[in-house]
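Look for chain A in each of the two complexes below; its partner is chain B in the first and chain C in the second.
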Partner chain A sequence: MIKTCFLFFICTCYFGFSQEKMIARQGQVSFFSYTSVENIEAVNNQVLSIIDFSSGEIAVNMLMRAFVFKKALMEEHFNESYIESDLYPKLQFLGEIPDFDTTAEAQTKIVKGQMTLHGTTNDLEIKTQIESVENGFVLTGNFEVGVSDYDINVPPLLRPNIAKVINVEFRFEFEPYEDE
Partner chain B sequence: MKTNSSIFLSISFICCVQFVNGQDLLEILDNEINDTVRYTQATFKSNRIILGQSVETRKKGSLEFLLGTKYWNRADSEADRGSFAADLFTARFGMEYAFSDRFTLGAGVASFDGIIDGFGKYRLVRQREYSNKVPVSITLFQGTSFFTRSYSRIVLPESSDRFNFVSKVMIARKFSHDFSLQISPTYLHTNSRQLGYETNDYFALGLGGRYKLGNHVSVASEYNYVAGRNEGPQGYNTFVIGVNWEVSDLMLQFSATNAVTFDEAATILFGPENFNMKNGALHIGVSATYTLHLRKQKLNPNN
Partner chain C sequence: MNNRFKIAIIGLLALLASCLYLYFEFNRLPEDIFTADTDVKITSRTLAKSFKTNETRANAEFVEKTIEVVGSIEEITNINNRYTLLLQGRSKANYVICDLSASELEEVKKLQLGQTVRIKGICAGYLMDVIMLNCIIING
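Entry: the complex of A and B
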């Protein structure tokens, strides 16, 4: 009797967890650097994110190589000379969405977490708009990243070309996550 | 007792699940990353290691303008010579256009030797990033050059014999973030026989490497060995050592070499002096390459 109860309990746990996750497989993250010399813009359309509603945690993972720039040479320099994506291929974010109300149609939350980029981890707070849509949620927002906070070295000669603070925008469309 | 242990087990299980959750989430995402093939970038920073061709080609729609200059003294130059800084000067102006990510055509003309050169490059194999499936890049190179005047010990041949041809298979590997190496078996054919050669066909081996000193500055070197000749009156093997400095869209290359020409055939075959610091042998090179993007990449392929 107790054994059955225990098994049943584990099963509910397992299924409960798997149904309480939502994933975004084609999240979009773009960044902008505006200076008087040149404007730099790049988009990554293959950003992954997952939310675990049971713990309120959210994780983001992306390959830096997936950023597309208008100029091919900028893309190469970004990867080769600044982000060094052969040494640090990924950006990872792990945070918490406080008091996620799954029934609300629209809500704004401050997501607190840690972002790891270019081998450096920093605390980050991101104001996020959460919108409820059919069969999922859409998370959008923007925040700023200081280039020097992530140990990204800009040579003095090129400092006028690259903004000290980069604007980042994101949009994730979450759908139920099926555990395989 | 049995009940207790069951409860204990289930509680510890739940605790466990809660505890490893954050890392679990990142792990799930790691497994979700689609393994699109990504090619190694910047084995070398430009189409040229310094003076010689590299495996690199530019992305589709890139137009490059190259201005190469070299400065040197005459072998018999005196200390009280009348010339400013250097006795002699040569410049090559060239343009290169990438018709696709793999295929590039280029042409140029040099002032001192009057050699007009043209070439085509095709990237056959591209090294892959984050995997060892394809460990090297291979690029095919075919170049032609044309003598338009006599210079140094080169005598202008009959008009039909003024062409030279170079075929190269360039094999390179980016070993690490900083270090790349290239080896290129080369076949050359000259229609005219210069410098007392008894054949029109030559085999050579090119070696090139670069080491990054920083994210924007690297040292690079090249050496060309020509088989089946004695160095001397028939020309010297050419050696280049220099620094590449990348400044946004501009690539600056500073070098010391014993080659006077810019095109592949004459550079490999007709090195006028052995590499040393003496007058007549040491050529100081300063080159600039500017890249212009005639085609902008689309940021949103879905729209």
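Entry: the complex of A and C
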């Protein structure tokens, strides 16, 4: 269901009503896994997001293969063993920003929505800081993701290396959307 | 030298070799894009059109491949301390996004909008645009 809604939202954004929408083509999402054995972090600088002001909806779409790690082995394990990027290449989030005040310089909102990762969809609430800047908005925030909530299997031998809860941070710079 | 001593030495050498292998494998860096063999040479318009026409087929053909793409620069961005080139795609709202390697900080400053460049990088896939990572400028 969320995939259908997401596709509808993206298609609607793609083919019309550009003046009511803003886009961030190069959002940044990073995650951190802290354990006593090792710390793992990765960053994705090419995350797509669109806000539709008429409905208050926000959609986020990212390629799991676009996460960059410091070490090649971590990246291979992430894509091949845990996330299975060939089978589940994208993460999708579709949510609503309640009472988005486009005239406020700064505001904090709880964005409620559904996130689909590794073929599993869960409800999510994300505290988001929204800052008004010249020609757009910057959205920042962080939240936690439970590894087991998204049916991600970690081999018993590597369980001490991977945190059960992963910290995620994001930053999106939105600008007016010009469609085709 | 008795047999027990020989076995102990061989065992120690095997253990040392295993430890060295694990150490280097664990600390292995991503492949150097400068020396990586190019799998595909293509224009940015054709690459973008391939993904728009049939994403599944284009994923199989291009994702995780080292690609040299030629195209006109539509935008140069510096967001989150990263330089990115947006090459012309199949339309105004569709690009080939080239996330530049840190080694290209000086080269990117010489580029201008509308200029045709050849970029080498790894294709990560398609969202609204084609995403290329770890890109270097072959010629500007």
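Quick note on the criterion: the second predicted complex is superposed on the first by the 164 of 180 C-alpha atoms of A that agree within 3 Å, B and C clash if a C-alpha of one lies under 4 Å from a C-alpha of the other, contacts with A are read in each partner's own complex, and residues count from 1 in each chain.
The rule we apply is simple: contacts are C-beta pairs under 8 Å (C-beta built on N, C-alpha and C of every residue); 3 or more make two chains touch, one makes a residue touch a chain.
Being a predicted model, the structure only gives us computed values, none of them experimental.
A.B. asks: For A:E41 in the superposed arrangement: first (chain B), second (chain C), both or neither?
C.D. replies: It touches chain B, and chain C stays clear.
A.B. asks: Touch test for A:E178: chain B only (first), chain C only (second), both, or neither?
C.D. replies: Only chain C is touched by A:E178; chain B is not.
A.B. asks: According to the stated criteria, A:D52 is in contact with first (chain B), second (chain C), both, or neither; which is it?
C.D. replies: First partner only.
A.B. asks: Of the two partner chains, chain B (first) and chain C (second), which one does A:Q92 touch, if any: first, second, both, or neither?
C.D. replies: first
A.B. asks: When the two structures are overlaid on chain A, which partner does A:S148 contact: first (chain B), second (chain C), both, or neither?
C.D. replies: In the superposition, A:S148 contacts neither chain B nor chain C.
A.B. asks: Taking the superposition on A as described, I'd like to know which of chain B and chain C A:N61 touches: first, second, both or neither.
C.D. replies: Both chain B and chain C are touched by A:N61.
A.B. asks: Is A:R25 in contact with chain B, with chain C, with both, or with neither (first, second, both, neither)?
C.D. replies: Both partners, chain B and chain C.
A.B. asks: Check chain A for residues that touch chain B in one structure and chain C in the other, and list them.
C.D. replies: In chain A, positions 10, 25, 45-46, 48, 61, 63, 65-66, 68-69, 71-73, 75, 89 sit in both the chain B and chain C interfaces.
A.B. asks: Given the complex with chain B, which residues does chain A contribute to the contact?
C.D. replies: 2-3, 5-6, 9-10, 13, 17, 21, 23, 25, 30, 41-43, 45-46, 48-50, 52, 54-55, 57-61, 63, 65-66, 68-73, 75-77, 79-82, 84, 86-87, 89, 92, 94, 153, 155, 157-158, 161, 177
A.B. asks: Along chain C, where are the residues that touch chain A in the complex?
C.D. replies: Residues 25-31, 59, 63-64, 77, 79-80, 82, 84, 86, 91-95, 97, 99, 124-129, 131, 133-134.
A.B. asks: List the residues on chain B that touch chain A in their complex, please.
C.D. replies: Residues 2-3, 6, 9-10, 13-14, 17-18, 21-22, 25-26, 28-30, 32-34, 36, 38, 40-42, 45, 58-62, 129-130, 177, 214-216, 246-249, 291, 293, 296-302.
A.B. asks: Mind pulling up the chain A residues that touch chain C in the complex?
C.D. replies: 10, 14, 25-26, 28, 45-46, 48, 61-63, 65-66, 68-69, 71-73, 75, 89-90, 171, 173, 178-180
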